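Presented below are the structures under discussion, each in the form of structure tokens.
Common to both upcoming complexes is chain A, partnered first by chain B, then by chain C.
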Partner chain A sequence: MKQTALETIALTKQFRDFWQRITVTAVKEVSFQVATGTVFGLLGPNGSGKTTTLRLMTGLLHPSSGCIRILGDSPTSLQTRRRIGYLPETDGFYEFLSGRDNLRFYAGLFGYSGREASRRADTLLDTVGLIRDAHRPVGEFSKGMKRRIGLAQALLNDPELLILDEPTAGLDPAGCRQVKELLRQRAQSGRTVVVSSHLLADIEDLCESVCILHQGRVVAQGRLAEMLEQREQHRFTTGVLTTAQCESLQESFLSITGSAALMDHPHRALESYFTQVVEQVGQPSS
Partner chain B sequence: MLLIPIPEHGRLRDMIFLFIRLALIHARVLLRNPVCLLLSLATALLTLLLPLAFAHTFGNTAARLAQDGGLAFQFVAGIVFAAYAACAITGSARASGTEALTLAKPVSPTLLFLARYAGIAGGLALFCVTTATATLLAMRIAEAFSPATGYCIDFTTATIAVASAILACLLGALLNRFRNASFHASVFVLLPLLLIVTAGSSGFYNRLGAWQSPPAYTLDVAILTAALRIGLALLMFAALTQVLALLLKPVSVGAAGLLILALGLTLPGISPAGSSPLRWLSMAIVPDWQAFWTTSASGLVPPPMPGALWLYAFCYITAILILGVHLFNRSEHA
Partner chain C sequence: MNYLPAMLVLIRLTLRQTFNNRAAWWLTAAILAMAGGSPFLLRGDGTHHGLIQLVFTYPPAIVFGILLAGTLWLGASLTAHEITTGELTSVITKPVSPACLWVGKWLGMLAFNAALLLLAAAVYLAAVTVINRPYAEASPLHGHRVFRPDHQALFQQATARHAALQMTSADAAPSISQIFTTLKQETFRVVPGRSFTWTFPIPDEPRNTAQNPSRWSLRFHFRCDGRERVPLNGRWIVKTASGDIVEQPTGPIQDGMHQRSLSLPPDLPSGPLTLTFSNPAESAVTVFFDPQEPVVLLRAVSSFGSNLCRTFFVLFCFLGAAAALALTLGTLFSMPVTVFTAFALLFAITLSKAFASLPEPNHSHGPSGAGTAVGRFGEMLLVRLDQSTENINTLLPLSAFANAYHISNHQLLLAVVILLTALPVLLAAVGAAQLSRKEFF
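Moving on to the complex of A and B:
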């Protein structure tokens, strides 16, 4: 049994107007657990409460009721915040500072010395592929570049728990793949990742378990593999067959099961095709 | 990857470094703001050029009018500066998301709020140095009598002072072109420096511009203590507006600030005189701005108890900041 890195119990968040009237209940009685060393996905359409849930986790919003335990502690404790990394939905950078200076500033907030902050900033700029643009003001960055530097910022303290709000929004396919690879590696090394997204393809090949939100409520949750498995069907995969072989197989299926089997060529994911084509041209997109 | 343990936190030294880091970034954001430079530059130029515009001195000396004018400009523009700075800094930190991201790091809201105030206070201090030096120079520029020169306006100092403001802009442009430094921030910092150099060099020539050595200064530095007291009042106003900016939109902050300003100016007149408890109570809620204004018909008068004034400002700012910290800790940051 894996340890729990994060747990929410009946978490509810209501937003109120000036007169303290409830305007919207963004999160309703949300309960889930995230095991240490896994990637957990928070799915849902726009306005379903993903960002609100993540902000509650980081202690930036206060729950109306219910509770959250992060790494065994409250989300507002400074000790917890030393151990988590957070990528907000909107980037929180000083636009006039360069990418490197922004990272060094935020590294400084963890108490790192100037040299250590620079070292971490440069390592991470390299990791997210921004080392060439590190000297440019963040205000000039494209959306995808901001997401990349945001991710670098979230990794500054090598956090045990990484909370990412739509990390792949605005990223090119190569960037998406790199991010997913990075997150997978972190989970393998025993760290926990929570991502929110409405891009299902991103979640599908990354998350071990997911929670689907709709209008602030949990509508489904569990291990992704179990949720997607269609137990009422079987699938065989083989190498290429001749037409004669196909026909004889179909006959066998018909005689054994009484019905014909569906036979076609599998489709590969567009992402892997795109990556292959781009790499063949020898021009990695930036 | 990055497996270096995080240094033990909570130590006082780390806290102080963190505070300085946060205060500096807020001061930088503020100094880059064009409105702050505009206020500083306009106030300095108005103060410097005021003595050239006197047509009638109403029985006062021209220097006296230049002094009152300069201090009044400092107070009024300083009020606008403080309120604008508080709204701009609070608003931009929220809108850009830097506030949320900073608080997602191990930074306590208390530290962030106080560092923000320190950043604003730093900008305000620089503004006051600019305007106070301009007032000092304006008093020298104003028409006056000296045995060597007779009655005359000191056009030499006026020219050098205005030229130093233009030079500050030129240097700012050069720093921007060759060092990528912010034009606004550079000029904001260079302006007081060059005005101080102008004041320093003013001893080397007389009112008609003739060289004199050894230098003989005719600057009335007593004015600096008056400017300092106005600066103190502005620091109180900055604390007040920074707390208001947590609760209200910028326009409302301006309106509320004006209301408190007006109340503070009128309450001492209508509340019982002397040191009755009622007077103290009203001073504890709305600042008594009059207490910081130390010029009168007889010229510059020291306040009856200078120490008490500092203590009053210190207590007021502390109390307001404690209230602000409490509000900031309770509020949400997303």
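Moving on to the complex of A and C:
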């Protein structure tokens, strides 16, 4: 039985106007648990309350009712903040500072000394593939580069819980794959990751369990594998068959089940194909 | 001491932010131009004393005004602007308390102000030294300890007259301060052939005459009724507590402010010192001394450089309080509202001071105030604001510096306690509380 890294109980957030009248209820009675060492996905269309839920988790917003326990503590406590990493939806970097200086600044906020802050900054810049642009001001970065540097700042303290809002937005396919691989590795090493995205392919690739929000309410949640499994059908996968073998198999299926089976070549994911092609082109010819 | 590295990176970031701001460079250029250039553009009344008075008055006041405006602007941008742009969102999710965040930014602002003030002081000192060089032998610049005459007897008279008026008059009696001023106006009037004597209490205090030989001088301010341009030939007679008498003719002088050296012993005995002004019988003018500050005795106690440092340190304390105000307002309001509120507050305080210094008939304390209820309410607000900021206003050293008065250790201590400690602590508490409860969208 895995421990719970994050738990929300009947979480509700209402936004009010100047006169304290409720303008919108962004999150309504949302309850879910995230097990330690898993990747958890928050899914939903635009305006479903994903970002609000993440901001409530990080203490940037305060719940109207309900509660959140992060690593057994309140999200606003400094102890909790020492143990979590957060990538916001919008990049809030000091744009006049270079990527390295931004990371060193955030590392300093965790109490790391100058040398340790520099070491962590350089390691993470290398991890996210920005070491060559480390001296450039962040203001000159593209959107994808800003997401990468954002991810690096979220990883500075090697957090037990990583909360990511749209981590792959603006990234190229290679970058997406790199980020997903990084997150998988973190989960394998016992860290917990919470990802919010409306890119279903990313969530499907990454997450063990998901929670689907719609208009601020939880409409579905559970283990992704169980949710997507189609129990009314079976699939067999084999190596390449000859035409005669295929026809023979069809006849066998027909005689056993009374109906013909669907037989075709499986499709690769476009991301996998794209990465392979780009890597091949990038390799120096021998 | 976990907060120390976080505080240090916040200070460093704030310094980089401010120096990265184009407004900061304009601010620096304006300050250098004012501190180093403006003294050479000033034209006095033709006398060296008049020129020095102007050089002491305007450049420091303008430099302070520019720095104050810059501090309010930059301070507001450090919180209000960062909240708007989302820069603070990533910071607030890190393990740094709102109080640490506020203090880090404030200390960064202090470091920025200290750098600019040091630069301004160095440039200003150089400019004043160049301007005073031809007169340095005859008229060295000093910070002076000021001795004012004892008006206790006059004040008692004013109190008694106020009590009598309250008993007899059906209308609202004028205030004691009004009666006191009127009494001084009546008393400090010396007709030809008469004289008037002020008594100065000289306290018993240690004087290191070996290292800092006392230099005494006399400063007086008068006008002549109806015949302003007729020169006056009066005489000052100083009598010390030990009975020594020093006479000092004024020479032919016209109305205004004048300063004369007095050849008094450096180790002047403590006790009452009397200063008599004698208007000769053949004089054609009646002399009206300024009721607020008719005559003062000055003793040089510090060098000009030392007094300049003290003055700029108190200004630094004021800027510290202004930075604290701007940072806290920035946590409460958006950038435009913060800047507007800070400047409106500053304008209201300045207006209240100007209003309080108006002559009596137009002054709100007087019987003929504004007629409408709105006008009376406005007057009341200005008077209250003036009264509530009176303690802080007395700390502002610009007027004392312009008069070459020494900025005392007591004033430095008060500035540190009130402007650099008490006010920032109060504002930090409000700012940190607001950052804790604020929601970052």
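The working rule: the second predicted complex is superposed on the first by the 282 of 286 C-alpha atoms of A that agree within 3 Å, B and C clash if a C-alpha of one lies under 4 Å from a C-alpha of the other, contacts with A are read in each partner's own complex, and residues count from 1 in each chain.
What we mean here is this: contacts are C-beta pairs under 8 Å (C-beta built on N, C-alpha and C of every residue); 3 or more make two chains touch, one makes a residue touch a chain.
What you are looking at is a predicted structure, and each value in this text was computed from that prediction instead of being measured.
If you put the two complexes together on chain A, you find that chain B and chain C bump into each other.
Judged by the touch definition given at the top, the superposed model places A:G190 against neither chain B nor chain C. Looking at the shared chain after the overlay, A:G72 reaches neither chain B nor chain C.
In the overlay built on the shared chain, the residue A:G111 is in contact with chain B and with chain C.
With both structures placed on the common chain, the touch criterion links A:P45 to neither chain B nor chain C.
Residue contacts after overlaying the shared chain place A:G222 against neither chain B nor chain C.
By the document's definition of touching, both partners, chain B and chain C, reach A:G92. With chain A as the common frame, the single stretch of chain C that clashes into chain B is 333-341; none of the other options in 153-161, 225-233, 333-341 or 369-377 do. The interface of chain A with chain B overlaps its interface with chain C at residues 55, 58-62, 78-79, 81-82, 84, 86, 88, 90-94, 96, 105-106, 108-112, 153. Interface of chain B with chain A (complex): residues 1-4, 6-7, 9, 14, 17-18, 21, 25, 28-29, 32, 96-108, 182, 332-334.
Contacts from chain A toward chain C in the complex involve residues 55, 58-62, 76, 78-79, 81-82, 84, 86, 88, 90-94, 96-97, 104-106, 108-113, 153. On chain A, the positions that touch chain B within their shared complex are 55, 58-62, 78-79, 81-82, 84, 86, 88, 90-96, 105-106, 108-112, 116, 120, 123-124, 127, 153, 155-158. The part of chain C that touches chain A in the complex is made up of residues 2, 5-6, 8-10, 12-13, 16-17, 20, 85-97, 436-437, 439-441.
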